[in-house]
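The two complexes that follow have subunit A in common; it is paired with subunit B in the first and with subunit C in the second.
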Partner chain A sequence: MLTQKKLMSAIAVLCLTLVSNSSTALTLDEQKGLAISVEAKKRDLGWQDSTSDMQMLLRNKQGQESIREVKMKTLEVVNDGDKSLTIFNKPRDVKGTAFLSFSHPVVSDDQWLFLPALKRVKRISSRNKSGPFMGSEFAFEDLSSFEVEKYTYKYLGEEELNGLTNFKVEQYPVDENSGYTRRIVWLDTKEYRVHKINFYDRKDSLLKTLTFSDYKQYLAKYWRADKQEMVNQQNGKSTVLTWSNYAFKTGLTDNDFNRNSLKRAR
Partner chain B sequence: MRNKLYNFVGKNPFWVILICLTFTVLSGIGAQKLEFKNDYRVFFSEENPQLTAFESMQKIYAKSDNVSFVVAPKDGNVFTQQHLSALKDLTKASWQVPYSTRVDSVTNFQYTYAEEDDMIVEDLVMSTKGLTSDKLEKIKQIAISEPLLVNKIISTTGHVSVVNVTVQLPGIDPMVETPEVAKSVRAIQAKFLAENPEMDIYLSGMIMMNTSFGESSISDSSTLIPLMFLVVIVTIGLLLRTITGTISTVLIIIMSIVTTMGLAGWLGFYLTGPSSSAPTMIMTLAVADCIHILTSMFYEMRQGADKRTAIARSIKINLQPIFLTSVTTAIGFLSMNFSDSPPFRDLGNLVAIGVMLAFVFSVTIFPALLTVLPVRVNKQSENKKDIMAKLADFVIAKRKALLPLTSVFIIASVMFIPNNELNDDFVKYFDESVPYRAATDFMQDNLSGMMVVEISVKTGKSSGINDPKYLRSVSDFSDWLRDRPETDHVNTITDTLKRLNKNMHGDDPSWYKLPDSQEMSAQYLLLYEMSLPYGLDLNNQLDVDKSSSRIVATFKNMTSNELINVEQEMIAWFAKHAPQYEVDFASPSLMFAHIGQRNITSMLIGTVFALILISILLGVALKSWRFGLISLLPNLAPAAIAFGLWGILSAQVGLGLSVVIGMTLGIVVDDTVHFLSKYIHARREKNATAEQAVHYAFDNVGRALWITTFVLVAGFTVLAQSSFKMNADMGFLTALTIFIALVVDFLFLPPLLILLDKGKYKSVEHSGVSADAGIPKAIEAL
Partner chain C sequence: MKLLLKIGLTTKLKQSITMVAVCTSMLFTQPLYAREIAKKTASDLEFEASGKMAVEQRYFLKEGLYSQQLSRSQSSFSIEAELYWQWNEGSDSVIFTPFYRVDSQDEQRTHGDIRELAYVHASDDWELRIGIRKEFWGVTEFQHLVDVINQTDGVEDFDGEDKLGQQMVNLSLVNDWGIVDVLLLPGFRERTYAGENGRLRGPLVVDENNVSYESSAGQQHLDLALRWSHSIGDFDLGAYWFHGTNREAYLSPSLQSSTSDLAQYSLQQHYAQMDQLGVDVQATLGDWLWKFESIYRTTTLEDFVATQAGFEYSFIGVLDSNLDLGLLMEHSWDSRGEVEFGEQGSLMQNDLFIGARLAFNDMQSSELLMGLGSDLDHNAFSFIIEANRRFGDNFIASVDVRLLQSNNENDLLYSLSKDDHAQLSLAWYF
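Here is the complex of A and B:
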């Protein structure tokens, strides 16, 4: 099973290389969309690792609210998806649950979960990253790191947003298990920070709108938004993510991101 | 006043025609604003408690409007490579249905299993390539033993399967959204059939029901209304033998309908299944006015009067009775405002407006048209009158036998009224010719019923659903529900948790039980939720705070009363076993189950109001309280007999029938008014005996009564042909009631009058007592 997966990923990488090399086949808009995305990724390289706290505020149409809290540790991985460790803190009955994910741009992520109630680490095999993360309006794929290979692109033009000039770029997921047909992303032309994303579902209807606000700069280079608000346009539910205690280059290594590290994570 | 009216009309016929036509056109423009509401929710008023409960539940969880593709391979086996592949394609295509938010099928069921310390979550049918018979058998066994699937998505024997598409309509323009979904799923259905001729596929679900409401009405108006015109033309043409009269009557009918529907548009009405039968009803009722005027006019002309004089006399004679009968009819229909269901209020108001407009037109533009158009009197032998005279002789001669006979018949019929059972099965609102009905019947026979009840069990505490005690209660309740014979399927989160517990223990079947701690349950759910794909999440079962969960129970087809009983027993179960939780029950099935009860009660109040008003009107018009009271019997008996007969014929009384008493009251009163007024006239003015007065009444109005009754019965019988059963039953029972009313007026009322109204006129003492004795009987008949 595992070897099959490796083979698949190898083929996928090969295909992708072929596609990106034959960039002559891309239209001008596609080339520009790709170029903007490459530049955005480039500006966010080199932070090595980060830790942060995240609070989620879930709200349904009835006005009912619910709060979740997690701690995130992320390790930058060059030429692949990042490794991330999510430690759940609230609600209390999932406290200590830890989720380790090695994300990959085009093939399924590797995922492990430590369940304190069971005192065991379980490897989860699922191609799905489009389901709701902790019942929120965010899918896991919305939270995982941005990799250029995850999408193909098309530049749509420039647009004013929040008083800034933004590139408007359309992104088409490569992974067929993605929950979306496309996303439209607004990045400001100055710092290449994402300000807004519209998500379109499988039948190409607007599903969700994500807005980023309260951007702060860390290490004089890396921009992070303290607040992300996702509104589901179809069912009226919404989720607000609030990030705090960002720290970069804290000295995390691969050893902090393996099965054994899961049990001692907190 | 009566003379003045025709003086003006007769002098300025063209002006009258012009003004009426202008009014009709101006009003008629409003008809463009009329739209048909494709939504079963229109049957419920905003304050309806079951609707409120259902809407609040939909806000907490997810909306549950749906379309079901029911797929039946002709060889009776879903689990072949070819059929599964077709289902997989269908599942994929279903995601393209507009506003779809979720698609559940046997192929995309999120199958979880363990492999050493790995937990695998994947579609039950990942790929249909290279499926060996072993693998197919394994998939079948998993599917038919999975409580989430069996009897809902797959039949126990695996011969029929459903792809269920959950749709979340934005509700911005429901008139566009529902047809949009229907169009899309029909295209998918057609494509599926073309690609898979060895399989049958049907469409069911709430969206298809809503679509059928609209389509049934449209097909009705394209078949029933022309049919009704035909009936009118044939009736008037044959019975009155006049081309001008027929053309004028048809024009009056068209104007009454166009003006009413136009005004409805201006007033912001929308159309629904029941209210779309308004044109047919208005048409039927409008004819009666014209017939009365035409009959009198021809009578005068045959007597030698010239046309203008004949018209003037006819208007003079008929103005008051037509006005009175129009008002009573309108009051009867206005009693529908007491209904709990808005479409019936609309229907009542529309018909009331239409009836009054028809009255106005038949005394203005109708005589104006008759004045300007050529009218030829047909020399017709008046042998019809002889038949009426013979009938009068017969009734008077046999009155001693007729009165007990008819009384026994009335009482015997009344005894069958309790046979009737309140039942609003919305599937049966449509007859078998409607594809939705056929599909849903097929689904009921092969998979599961359409009766669904959603049960929200609330803890009021964040994460409260993970409490083992809570899970135990929900699981016990689900087991109790499953053991009941009427239950087809129960969807509960506890099944998922049991399965996950088993998966987490290496798929050991002995671990198929609820997790024993709050943490374990919470962590399983966290794990599971993260592994699910878009659209297959648990948000339709759990609220945002995980403080409550929703159980969805599907039952076999049953009557409203049976469903209400099941609801009561479910409430009792929680009161006994888990009183600490707040439990809500809601669903469209429950809404329809309760509306019959609510509506019957409110309609009875409405009918009593109408009855009192009409009786007062009659008392005033007949200038006699005594006759007003006597008239109660022939006015109420027809509905009582009709409901008694219905108790033998069908016994299922739904929303549509609960308004019939009020509605027919206003119509059947007309016969009584005409008959009694002639009878009283003879008694008072001509000093006739009761027998002579009966004879006089038969001679004078007998013919007009049977002609109008014929038109009314024909009209409502046409309505009874509707594929929308609610309207069809309403039409049938109304036709039956009106027919019985004539029989009662001819066979029961005259002997009764002769019995009660003995001696000379004004011997009030004796017969007054007798009349009083009739009242309790009349009230019983209610």
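Here is the complex of A and C:
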């Protein structure tokens, strides 16, 4: 209840800022686009924390494959972006490397990297949103948590996809360091789950298509897709991301997301 | 009803955690090939093994300056394993990391070390770490001035980044105002130096059997360190006080108990007691990383201040590609100034370093690093290139080239001026 109240007031403030900044009110399509995104976020609040394993299968145009394996721990932070700890397991030469991120909706994220060979914790620049994550077709920004404030919106209409009626919403990144001019997102009208995203590069041509499948519901509320496939439409490379071992409300706290926990992350 | 639901949920949650653990362990046990093996027993104990084996070939471009030195090529093989046990869902763990290198030419470089053998207990806001460990402090790239806990494993590589394991009891306390580390360091490790046949050394060999200590406790002196570190917004800060044995030895020529008729000199190591204050700061402002390290050291022989300061700027996605380019510049300063040959001091008394790091962000994680160091007080240069790339899933190949130049015979770097070399290594991760 509290979080909902806070979210609503945050949205009110956001709307106000948007309105006062642009001096013109949002159009109907913009309002509807925002409302859908707010609802999608609202439905995914309250999971507190989660742990999961992620496998990436990288495939190039010639069909050569390579595997990445990471473990993720995430802490939901009310009124701010989530905290996350990413622990690398494969390829073996990066085993033990860990990445700590405090994401923020508007200001830049705080990020640290632990390098096991030197036992060194390094604060790194979080400007690198558009760069590839571990040589995959996923950019860092594609894997960060969804926050309403990160985009402005426009509702494009309804469309059938995977036998479900979907909202089609266009999103424009607020951050100038984003690698995209826009994204088109398909969310089903029933559960507000994302089924597909088209990414448009800085020249506004279609760069990548991400499809979500094998949705499962956790704690009778939160939907997670076990499989995400990103296909680069320009170079023919693809990455299949498979999630497993999802657990929620495991009891993680702020103390699981600091320099000390980064150093001993497994 | 609500309460019942809650209890039901927690049981379910517990079950799912167990399931996760079981699944994970099954995932690990599947590849029977000597990879990591994880096993979950009734006592909740999990075990993991991994490691790295590497062959390395060095080729020196010129004959050595000193007669006993190896001529052109040096081969070596190294292995480092990591055995890890954890229980209580990771709150308690033991790590064991033995290391061994065999070198074809330099018998001093054939050596082993226990890099880590430690027990760690992690509680909510404190951690206790007991055993042999590695602890790194600092933010800069070209010199690790404030890094003081571990002794340098000097024979390992030219960059001095390899460290010997250090015995310690470390209590780490997490507070809202930062992390406080209390370290008790019983037992001192002597630095490793190249032997008679080794390259990358001065005219006299450092004698590993001729060591003296200022403290009457000698190698058994109990060193202390107290460090505070914190992140405030864009700033990462650290400050510490260290009291104990200086990790850098004062080297002085001494007549070797000559077995032959020829009088032979070698270098005696003297480890003084020191107090050192250190500060490290990094400001992470958009594409800019501003870095600063400084130490004040006082011993019975000298007092001095030294700093290392600079920046790193990154270009993300150069020319609309996936390439990232980082440009680095750092300056070293030491209050002791220029050092006469054979005197104590730092080579980096007024030196400027520039570097470029290219990350290709490809499937093979290809990387290229170039660095140029220049002594601003006299004519001395160093130039390095490091390149590495993954082959297959488990191999990393790297090439390192180091060129060293000095015109001043009194410069320490002069004794290394014939030691330009290329180094090729292939590592297998298991």
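One rule holds for everything that comes next: the second predicted complex is superposed on the first by the 241 of 266 C-alpha atoms of A that agree within 3 Å, B and C clash if a C-alpha of one lies under 4 Å from a C-alpha of the other, contacts with A are read in each partner's own complex, and residues count from 1 in each chain.
By our rule, a residue touches a chain if its C-beta (ideal position, glycine included) is under 8 Å from a C-beta of that chain, and two chains touch if they have at least 3 such contacts.
Owing to the predicted nature of the structure, the values given are computational and were not obtained by experimental measurement.
Peer 1: Could you tell me whether subunit B and subunit C fit or clash when both sit on subunit A in the superposition?
Peer 2: Once subunit A is superposed (C-alpha atoms), there is a clash between subunit B and subunit C.
Peer 1: Once the shared chain is lined up, is A:88 touching subunit B (first), subunit C (second), both, or neither of them?
Peer 2: It touches subunit B, and subunit C stays clear.
Peer 1: Pick one for A:113: touches subunit B only (first), subunit C only (second), both, or neither.
Peer 2: A:113: touches subunit B, not subunit C.
Peer 1: I'd like to know which partner A:99 touches here: subunit B for first, subunit C for second, both or neither.
Peer 2: Only subunit B is touched by A:99; subunit C is not.
Peer 1: Can A:174 be said to touch subunit B (first), subunit C (second), both, or neither?
Peer 2: Touch status of A:174: no partner.
Peer 1: I'd like to know which partner A:132 touches here: subunit B for first, subunit C for second, both or neither.
Peer 2: A:132: touches subunit B and subunit C.
Peer 1: Should A:123 be classified as contacting the first partner (subunit B), the second (subunit C), both, or neither?
Peer 2: After superposition on chain A, A:123 lies in contact with both partners, subunit B and subunit C.
Peer 1: Go through the superposed model and pick first if A:62 touches only subunit B, second if only subunit C, both, or neither.
Peer 2: So A:62 only meets subunit B here.
Peer 1: Using the superposition on chain A described above, determine whether A:35 touches subunit B (first), subunit C (second), both, or neither.
Peer 2: neither
Peer 1: After superposition on the shared chain, which partner residues are touched by A:235: those of subunit B (first), subunit C (second), both, or neither?
Peer 2: In the superposition, A:235 touches subunit B alone.
Peer 1: Subunit B has the stretches 56-64, 110-118 or 290-298; which one runs into subunit C?
Peer 2: In the superposed model, subunit B runs into subunit C at 110-118.
Peer 1: Going by the contact definition given at the top, which residues of subunit A touch subunit B in one complex and subunit C in the other?
Peer 2: Shared contact residues on subunit A (touching subunit B in one complex, subunit C in the other): 58, 60, 64, 66, 91-94, 118, 120-128, 130-132, 134-135, 177, 179, 202.
Peer 1: Quick one: which bits of subunit A touch subunit C in the complex? Just the residue numbers, please.
Peer 2: 51, 53, 58, 60, 64, 66-67, 90-96, 108, 110, 118-128, 130-132, 134-135, 177, 179, 202, 219, 244-245, 247, 249-250, 253, 255, 258-261, 264, 266
Peer 1: Quick one: which bits of subunit C touch subunit A in the complex? Just the residue numbers, please.
Peer 2: So the residues of subunit C touching subunit A come out as 9, 13, 16-17, 19-20, 23-24, 48, 50, 52, 82, 84, 86, 90, 93, 120, 122, 124-125, 127, 134-136, 138-139, 161, 172, 174, 179, 229, 231, 236, 282, 284, 286-289, 314, 316-317, 320, 322, 324, 361-365, 390, 393-394, 396, 427, 429-430.
Peer 1: Which stretch or stretches of subunit B touch subunit A in the complex?
Peer 2: 56, 59-60, 62-63, 95-101, 115, 117-122, 168, 170, 462-463, 466, 504, 515, 517-524, 526-527, 529-539, 542-546
Peer 1: Write out the stretch or stretches of subunit A touching subunit B in their complex.
Peer 2: 58-62, 64-66, 88, 91-94, 97, 99, 111, 113, 115-118, 120-128, 130-135, 139-140, 177, 179, 201-203, 205, 234-235, 237
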